[in-house]
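Every chain is named by a letter (A, B and C) in the order it is written, and numbering of its residues begins at 1.
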Amino acid sequence: MSDPKIDGFELKPGFRGMASDTGSDQTMFKGVHWGKAMMWIFLLSDTFVFSCFLIAYMKGRGSTPVEWPNPSEVFALEAFGVPVPLLLIALMTFVLITSSGTMALAVKYGYEKNRKMCGWLVLATAIGGLTFVGMQAYEWSKLIHEGVRPWENPFGAAQFGSFFFMITGFHGTHVSIGVIFLFIYAYKVFAGHYENGGKRGWFTTMKGDYVEIEILGLYWHFVDLVWVFIFAFFYLW
Amino acid sequence: MSDEYENKSGYQAQSSETLTGSAGSTPDIDYVRPAELPEQDLYHGHTFITKWVFCQDAKVIGVQYFLTAVFTGIVGLILSWLMRLQLGFPGLAGFITAEHYYQFVTMHGMIMVVYFLTALFLGGFGNYLIPLMVGARDMVFPYVNMLSFWMFFVAVAVLMASFFVPGGPTGAGWTLYPPQTILEGTPGSGMGILLMLVSLALFVIGFTMGGLNYMITVLQARTRGMTLMRMPLTVWGIFTATVLAMLAFPALLVSAIMMTLDKVIGTSFFMPTILKAGEVLEYGGGSPILFQHLFWFFGHPEVYIVALPAFGIVSDLISVHARKNIFGYRMMVWAIVGIGALSFFVWAHHMYVSGMNPWFGFFFATTTLIIAVPTAMKVYNWILTLWRGNIRINTVMLWCLGFIVTFVNGGITGIFLGNVSVDVPLSDTYFVVAHFHMVMGIAPVMVIMGAVYHWFPLITGRLLNETLGKWHFWATFLGAYSIYFPMHYLGFIGVPRRYYEMYDSPYMTSAVGMNEFISLAAFLVGAAQFILIFNIIKTLKTGKPAPKNPWKANSLEWHTSTQPPEHGNFGERLPVVHRWPYDFSVPGAKDDFIPQTTPPSEVVHTKVEKT
Amino acid sequence: MHAGIIFFLVILGSILFHIFTPWYWTDIASNWKGMDDTITLTFWVGGGVFVAVCLFMIYCVFKYSYKEDRKAEYKPEDKKLEKILTVATTLGVAALLAPGLIIWNQYVNVPKNSIEIDVMAWQWGWQYRLPGNDGKLGTTKVVNINDDNPFGINLDDPYGRDDVMVQSDIINLENNRPVKILLRSVDVLHNWYVPQFRAKMDAVPGVVTYYWFEPNKVGEYEVLCAEYCGVGHYAMRGGVEVQDPNSYQQWLGEQETFSDLLAKQNKEIETKKVAKNNSKIEKVIYKEEK
């Protein structure tokens, strides 16, 4: 974000700047809020979680002797009587990416101290996320209806169902948690917890600040990015 | 509630003088950049519950972690007694059936590695020492920190509950290799394994909350003048271990989730087609080796997660008690970081004979042996710190010396195992058991003991009894060494590990006497721990009060406003740091130590090399 | 003082224990002498370093223990010394690694003239299968296994018919003839391990793993299971008898082949079973090939 001013310390760009930040006292990432640094590191850890899932998926898919189902058939959706491959997924992806956009705007208005806009945008993001979860639930029920189960699969390898439900389920849990927090944060923005030096909110008993919107935003963008990978691995491979 | 946040302790904001740098009266050489951040705002509990139960003070959380971990450690110790009872004197205790034996082995291994050592080093020492040593008021997210402990507590409760469910705890070996883990024929393959997996997942979640705290506190909340290269090695060790944990635990979490699904809803991630009792099971198509890769991607960094904090702490203890700066501090830091980084590239050395593609052996043998080089540098630097020092041979130093002996011994046997073709005959034998007990079961435990004797005065304000301490040390060191040194030879003659009973074969019968001896030593060592417990209780009741900074150490934890430190650690003003923590015996200085907070202007006449 | 003496005695005791120990490895009975040699080499290098480090430490304890009037040396760093030590250690490690890798290279490359032996493990026992006159083992599937087909050989595989079946946990081997052990398991992990042969490898359900060795001492040996496989793990033993070529051939001649076994059973029942089995195979996902 904007470059912070730090007394007695000159921020330099590039590798040298990084080295001098590292070599200095007090903070390593100059001007970065604690919560934000925490979120970055949490996301790094979470990246490892998803990588493990996806690597396991690649290994599982690579080594089953039974044929892997054709994604564009399994995930096709009837629209006006024609099966359109990947229609639902495209919609889901679209919704999620859009919600990332609204989130980014919310952060911007947050820093501009525009409480109303920020609140509405956070709310919009939450609704986007909820829509995504809803569509995912629909897709799950469709597949289950067609007989796909975590332990078996009429279209081919049983591992398809296992990995699909596990990984999208895990991602969906991330989205759902995000949605819950988005609603809470929307409420907090409207209630003015982040205004005027901040109020003690419930939960962490810490003073609020609009930076929290940005932190939540980081999480939300990450969940989005992961979806892109899942999308590529499950639907396009 | 809001009154609790009022500025009661008076340090909510630093005075403008400290915020803008030193006032003009002190000379320029004392200049330290002004504070970048305003004071941390802290929650001061008032009721018993907020002060001691759901407490947000890292020091209390540290002690909570410590006590819980020691409790699990004692459970693990008792389990090891039961195992040794069976191994040394088979049949003597009739209630130890093979099922029970395997449950003991599994729970012993898992408890000791994860719930005892990891929690003790990172949760216990990490929480207590990091904020104090880097000069912070507290961890950066005290609330999350509190949650972290309670998550760990629940994980321990779930783990202990598994002793009481039908079928008992899991007996799958701490490595939990499928398919055997979740199939009948393995004890506790029902509820036991499920609770184990749940407990591990909870542990990982709880640890993540704590780990974020440790990392951000070190990275973003150091005091003025505290650069990374002025941090005590204890902090470096715990910090690097935390980084490893944040990146390694995901693999454990994922494998636990996948195995739970295999168990509960019948997926086949790790389960190939299996024929049991003439019936083909519902499983098919999965890969057991995949689990091993995931497990060891976690498991190998895990062993360094317990080793690195021990390395860090022991460096500090040696330096303080040898009255000499740690030799080659820079090298020590780089070695810690290097070992940490390399540890992600060696995991398959546990799988040389697992049936993975044998060509991996070349790669992993090479990386494994490369790790020996930075580790060796650390060993050399420890003994070179002793060299030309002024060594106090007190209890703390004895534990450090014991650590060096056992660690080098265990490290060298690690070299045997890492060298792939040497591992072939030794893998899965008692040689491996001896290796990892030497290097993990006793070396870090020695450091814990040393650390307890060292920091006890800080935490409680009283000095532990030295005589009892020495008895405790010699009983533990000599006993533990005589357990594990001979055990290597059991491995040479080919006795496999995880054998409930082993005397059928002629060459194994020759070792009956040795096994009895080992068991007796194990009982002795376990019993010796009660000396420490007795010592602690006695000291708390009647021990002599410790003077402030009794060991004449330099690092910040000894220079707090009160001893034991209060909530907020440093009283009104945060300390300002001017040097590394190892300025011992500086030529020209009055005392043989110069605390980190001493400004250069006060010691101009000395020949300090680094500041 | 006392501390230094006790530590010294511990080190001395360790050395003496190593010299006089009655417990050392069993006499080797295979070609993997190289493994023993590498261990010995590692012992000398590693043991030397261990003793040297500890003696230096003990020396420091004697020489530099606390005196009120002494001041420790102040020397934060010695770049040259550290460099020398790093280089020396790297060389030492490389010297240990090189022979290890050379032997591993032999271990993973099976000689052409070795006989293949199919070792099948289950909870908790072993059985063995040898190629017949055609020198090839037939392919197998776990789901084929039943009382009439104890190895689960694919009935339509012509190589399988003459396979020699040893339905006992004892196997005979020909002296001085390399064997390639092909390991498979029908349930969980196991490991076919004979301490005297030094070599081992896990049997993993779902895949076939292998290793090889050349027995070179006539005699009987005990097989141990070296990978934890449930409560019966410690009791999962088997046997190997290494024989000279003549006795071996004689023993081989006495064994039953798969076609013998099939012939013993009623042909018609058999064919029905084949049909049934084949339809079952298609449903089950399983790959078991070399």
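FYI, a contact is a pair of C-beta atoms (placed from the backbone, for glycine too) under 8 Å apart; a residue touches a chain by one contact, two chains touch by 3 or more.
As the structure is a prediction and not an experimental result, all values here were calculated from the model.
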Between the pairs B-C and A-B, the one where more C-beta pairs touch: B-C
Farthest chain relative to chain A (centres taken as mean CA coordinates): C
Central subunit by CA centre of mass proxy: B
Mean-CA-position distance for chain C and chain A (Å): 47
For chain A paired with chain B, centre-to-centre distance based on mean C-alpha positions, whole Å: 33
Shared interface positions of chain B, touching two or more other chains: 284-287
Sequence positions of chain A contacting 2 or more other chains: 63-66, 157-158
Residue list for chain C, restricted to those that touch at least two other chains: 285-286
Residue numbers on chain B that touch chain C, as the complex places them: 98-99, 102, 171-173, 177, 179-180, 183, 185-187, 272-276, 278, 280, 284-289, 322-325, 327-331, 353-355, 358-359, 361-362, 365-366, 369-370, 372-373, 376-377, 379-381, 383-384, 386-393, 398, 401, 404-405, 408-409, 412-413, 415-416, 419-422, 424-429, 474, 478, 481, 485-486, 489-490, 492-494, 496-502, 504-505, 507, 510-511, 514, 582, 584-587, 592, 607, 609-610
Partner chain B, residues of chain A touching it in the complex: 6-9, 22-32, 34-35, 37-38, 41-42, 44-46, 48-49, 51-53, 56, 59-60, 63-66, 150-151, 157-159, 161-163, 166, 170, 200, 203-207
Contact footprint of chain B on chain C as seen in their complex: 1, 3, 6-7, 10-11, 14, 17, 21-26, 32, 34-36, 38-39, 42, 46-47, 49-50, 53-54, 56-57, 60-61, 64-67, 70-78, 81-82, 85-86, 89-90, 93-94, 96-97, 100-101, 103-105, 107-108, 122-123, 142-143, 145-146, 183, 186-189, 191, 193, 195-196, 198-207, 209, 222, 224-235, 237, 284-286
Chain A contact footprint on chain B (complex, rising order): 1-2, 5, 20-21, 32-37, 41, 43, 140-141, 143-144, 208, 211-212, 215-216, 219-230, 246-247, 249-251, 253-255, 257-258, 261, 265-269, 282, 284-287, 290, 294, 297, 577
